[in-house]
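Structures incoming, each one as structure tokens.
Both complexes below contain subunit A, partnered by subunit B and then by subunit C.
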Partner chain A sequence: MRKPIQAAYAWANERLDLDDMVKFARKKTVPEHRHSAWYYWGGITLFFFLAQAVSGVLLLLYYRPGPDAYESVRQITFDIHFGWLIRSTHSWAANLMLISIFVHMFSVYFMKAYRSPREFGWWSGIVLLMMSMVFGFSGYLLPMNELAYFATKVGLEIPASLPVIGPVMADLVRGGLEVNEFTVHRFFALHVVVLPALFIPLLGFHLWLVQKHGNALPPSEEARPAAARRSIPFFPNFMLKDLAMWLIALNILAVLAAMFPWDLGQAADPLKPAPRGIHPEWYFMSQFQVLKVFGNWLPGAAGEIIGLVWFTLGMILWCIIPLYDPRNDGGRRGRRATYFGLLALLILIVTTAWGYWAIHSETLTDARPAPPIAGAALTPHQQIRSNPPAP
Partner chain B sequence: MNYPFWNVPHIGSGWVIGLIAIFHIMISHFAVGGGLYLPMAEQKALREGRQDWLDTLRSHSKFFLVLTGVFGTVSGVGIWFAIGLANPEATSTLIHNFVFAWAIEWVVFLVELSTIVVYYYTWGRISNELHIKVGYAYAISSFLTLVVINGILTFMLTPGDAWLAVAGTGREASRFWQAFFNPTYWPSLFLRSAVCVSLAGIWALVTCSRIDGEARPQLKTDLVRWSAKWLLPSFIAMPFILGWYLWLVPESQRALLQLGMTTIGTGAFTQVTRVALIMVLTSATVVGLVYFLAWRLPLSFGRAHALAILLLGLVVTAAGEYSREMLRKPYVIGRHMYSNGVRVSEVARFNRDGYLPQSPWVPANATVLQRGQIMFRGECMACHTADAYRSMKVLLEGRDREAISRLLAILHDSKPDSPYKAFMPPLVGTAEEVTALGDYLESLARPAAHQAKD
Partner chain C sequence: MMSDEIPIDSQPEQADSPQVATRRTFAKVVVGGVGFCYAAAIGYPVYRFLNSPVEKAALAAAVTEITLKDAQKLPVASALIFKFGPEPCLLIHLPDGKWVALSAKCTHLGCTVQYLPDKSHIFCACHGGTYDPATGHNVAGPPPRPLKQFVVKEVTDTAVVVSRT
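Entry: the complex of A and B
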């Protein structure tokens, strides 16, 4: 068995110079210290992206954008073998990817890995985060169920409130004055063509930068003498540990996808009132809450405009941090940057929690009784599918 | 019906058994596999003159003794205590059939406990040959506990035609051996033995992870790799044994696994498929992690790695046991007794004469709602709670009284094409009792509407 493998390797090696790649990978090292665990989060994010790419391609086999969108997702969820698993995997992987991006971004921030010469890594990472959020937003509408419809409608009202360009932008994205089948078509094109075409090359650039500059040392490690620092070879040591992390990530994804399958809900009906407590996904909740707070404080569109200015300013500051704190000398700027990061993290957590708490309170105060399901309305088979009473 | 109902609010009695059982199985299977690991490792160490191995094994045997001798035994007794409370009818049937088996179990259990104590306290005090013999005596006795209990557990899934032919006649014990060596006995024994061997390796890796790789590189490399090898037999054999096991499971039970392929549901209708998927995937993850972290990088194999593998092992155990339990649905003893303790043979009588008259727990002047509540406790509470796990409030939310009646009628008629038949026992009782249950369920699902009617 060993001989044919060796022969195949020799054949490929002659043509691709594999030995050189292995030699390079063995020479490359990864620092090992008490904060090393944070190095794995970039790889975990990549894994969740790949899981989405694979499950997304499988969903494409059956998904039909346009008026059939809901019906096609219903078929995927209820009729096609393991369709529910693929859809659930795709949705959970999207959420887990965003969680891991946030963890990765803040770990990079607090380990000061944005400092020179890694500025482009930081900037490309921020753009990748924003694109991932747009991936999430555009994908959320595709099943065209009740929640997705109203959440998208509310979500698009935010840019529409901007003076002059707002309504034009919103109409362009919606494909008209209302969220409808044309919006689904546009979001679909954005989700499966435009975003991947931009995301994948940028991701390649980001990974190339990591490869070029290597893993950054946190300030506590940099303060130690070079002889006291430890490192492990990238190949095979770090790679094997990275693969182990991928396996754990796969398992977490599988447990969530299997035990908490993504709900489909009812088909969107624009004539119906919006469901109680309609809100965006968790990764937009902070912005949503800030806009709501400013909207309550200030009259008319002023609140929303101030809110949008607040985000834009925050984002600009977040982006120029590498220029403000470029050196490894541990000076005052470094400390201020750390405080700024802590403040940003605190605002993000508090406003997200505040948003959920506010929605929960609104739902409780607006407790309209749900219409009863009439006895004759559903056959037992439909009952199982729509609301199965489990044994 | 002859026993009081054990009402465990929010989680239900099933989860009390489940929570104890998951930990117990993790430890008791380690007790069997680890029983083989210790004397085999000791023998190898003596043959190769590895004193450093012997020191580590001594420390491992202390951990083994405390974990299996204390937590294993206490949780084992806890399971039987809990099932006696949760499903007394089924426990009574098991005791009446298998009292002889339990007697054997207690004898081998005492031998098992005694030999492990002797094994640990005689390190360096008796000859090496005798010490190894004590170790193997422990291994044999602990394996025999599995041999015995496996007969009782598999009986609950597949009691076999021979036993079913005499079930309810009072002559059940005459078919003891047929019931014991029932259709799924052998594949289950092999399956559990494979799990035992794997768990021996996983727990040994926990001990190995504490060895300082920088100070003792050779010891750590050798012992980590040798322990990792213990996962190999089950990795290779498990798919075949699992296939053999499923092949012998009745077709009706196997069908439960297929429902989750095409559809989802929030309830247990598809849960067994989903949990079984997790079991298979997590097993593969455990083997992958052991290969990447232990076999390939033994020197840097640390406590966090070992605990991650152990935790995933716990997930596999939990998923496996849950799937096995769910495969029995709607029975607690296959084709003989439903999960709510109603015997298959009693259904017609309960429908004709009523369910409640058989119970000593119905007050003479019970209101309709009280009668409905007793019906719920007797027939539903084995699997459902009022307000949390498999909550009736959630499952019936939004349904009006007519919808509840229709659902109960479907459950009562239990026709062959009923989608509930695969998982749920038929609802038994007279029309008046079913109405009382419906009223009680409405009071849970729509308390305001129910009170308005009163």
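Entry: the complex of A and C
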């Protein structure tokens, strides 16, 4: 058995120079230090992306965009064997991928891995994040359920508030004046053809840059003499650790997908009012809350426009950080950039939490019972609420 | 710059020691077994997911008898095509007044055949195979076997009943 395998390897090696690749992988090292755990998050993101690709192709076998969209997702969820699991895996992997992107981005930020010569890694990463969010937004509509319908409606109203080009853009994306079956078709094409066609080459570029420049050292390591730094070979040591992380990620994904299957909800009905407490996915919550706050302060479209200006400004600042803080000589900490990162993280967390808290308190207010009317029957839910336990 | 390579497995290899060999074999078996379990846990749902329409079609194919309403009105020396489960079938009213039901799937490469009353044979347009309409026997061309036969159970005033056996 050994002999033919070796012979086949030798045959391929003569033509493809496989030894060279193995030599390269063995020579490549990964720094090992107090913060090296953060190096895994890019790989974890890649794992969730691959899980998305596989489960997405499987869903493609039964999903039908257009007027039949909800019915086809209903069939996937309830009629096709294990369809619920594949769909749940796709949704959970999407959320876990965004979580790991955020962890990856902020760890890169605070370890100053955006500094020269890694600027393109930072920029390509930001574009990949934004594309992932568009992936999420477009994928969210595809089941054409109530939540998807209103989330897309609201999501497209925001750019529509821009003067002149806003409404034209929104109508073109929607394929109509309201969200309809053409919107599903457009989002479907975006989600399964356009975005992957752009995302995958950019991801390749991002990964190639990591190969080219290697892992960045955080300032605390840069400050140490070179002889005091430690590293491990990429192959097989780091790769095995990376695979162990993938295994953990797979287990978490499997448990979440199987134990908490994604809800299908009601079919979208344009004549029904929006359900109470409706809100976007968590990765849009910060923007959602900022827009809500600005909208309360400023009348009309001004709130949305100020909100959009605020996001654009934030993104520009986030992109030019490598130009502001480019050098890493001798472990320079660049405290101002760190403080800016902490501020950005704080704003993101606070506005997200604020958004959830606002929705939570709104739904609580709704659930409070109306003053009892004589003779009116109370629902069990109201009875419990209006009879608090005696102190 | 980056020195001090510390391999994970820093113990020297001792393949000649029987103890090490057993431990290695044990590790191999465990890793292989766990890997197989993972592959099965992912592979089985994916297989069932892909196979769902096949299962449904197989369920639909399990019919044993079919009643063709108003098929008794079919004129002599003509045929109609109907579906027996997923399979296209020919119901032929022969010139001598007899009824025949045959699979319409050519035994060569699966094209759907047609009844040509003027030539009094069944013809496959794909590769020119011909069959005898009375028996379904392959008479010319590439088909290797006769067409599958069904049984015309009864012809009533309102319908024709065809069964598998």
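One rule holds in what follows: the second predicted complex is superposed on the first by the 360 of 391 C-alpha atoms of A that agree within 3 Å, B and C clash if a C-alpha of one lies under 4 Å from a C-alpha of the other, contacts with A are read in each partner's own complex, and residues count from 1 in each chain.
As a convention for this text, a contact is a pair of C-beta atoms (placed from the backbone, for glycine too) under 8 Å apart; a residue touches a chain by one contact, two chains touch by 3 or more.
For clarity, every value in this text was computed on a predicted model and none was experimentally measured.
K.L.:
Please work out whether A:207 is in contact with subunit B alone, subunit C alone, both, or neither, and reply first, second, both or neither.
P.N.:
Neither partner.
K.L.:
Please name the chain, subunit B or subunit C, that touches the greater number of residues in subunit A.
P.N.:
B
K.L.:
Should A:240 be classified as contacting the first partner (subunit B), the second (subunit C), both, or neither?
P.N.:
Both partners.
K.L.:
What is the contact status of A:78 with respect to subunit B (first) and subunit C (second): first, second, both, or neither?
P.N.:
Touch partner of A:78: subunit B, not subunit C.
K.L.:
Report for A:190: first if it touches subunit B alone, second if subunit C alone, otherwise both or neither.
P.N.:
In the superposed model, A:190 contacts neither subunit B nor subunit C.
K.L.:
Touching A:230, do we find subunit B (first), subunit C (second), both, or neither?
P.N.:
Once the two structures are laid over each other on A, A:230 reaches subunit C alone.
K.L.:
Touching A:255, do we find subunit B (first), subunit C (second), both, or neither?
P.N.:
After superposition on chain A, A:255 lies in contact with subunit B alone.
K.L.:
Using the superposition on chain A as set up above, list the residues of subunit A that contact both subunit B and subunit C.
P.N.:
79-83, 85, 232, 236-237, 240, 250, 254
K.L.:
For subunit A, which residues count as touching subunit C in their complex?
P.N.:
29, 31-32, 58, 61, 79-83, 85-86, 226-227, 229-233, 236-237, 240, 250, 254
K.L.:
In the complex formed with subunit A, which residues of subunit C make contact?
P.N.:
1-8, 38, 41, 45-46, 48-52, 55
K.L.:
Sort out for me which residues of subunit A touch subunit B in the complex.
P.N.:
Those in contact with subunit B are residues 77-85, 88, 232, 236-237, 240-241, 243-244, 247-248, 250-251, 254-255, 258-259, 261, 369-378, 380-381, 383-385, 387-391.
K.L.:
Which of the residues in subunit B end up touching subunit A in this complex?
P.N.:
Interface residues on subunit B, with respect to subunit A: 261-269, 271, 274-275, 277-278, 281-282, 285, 288-289, 292-293, 296-297, 300, 305, 308, 312, 315, 329-330, 339, 383-384, 390, 395-407, 410, 418-420, 423-424, 446, 448-449.
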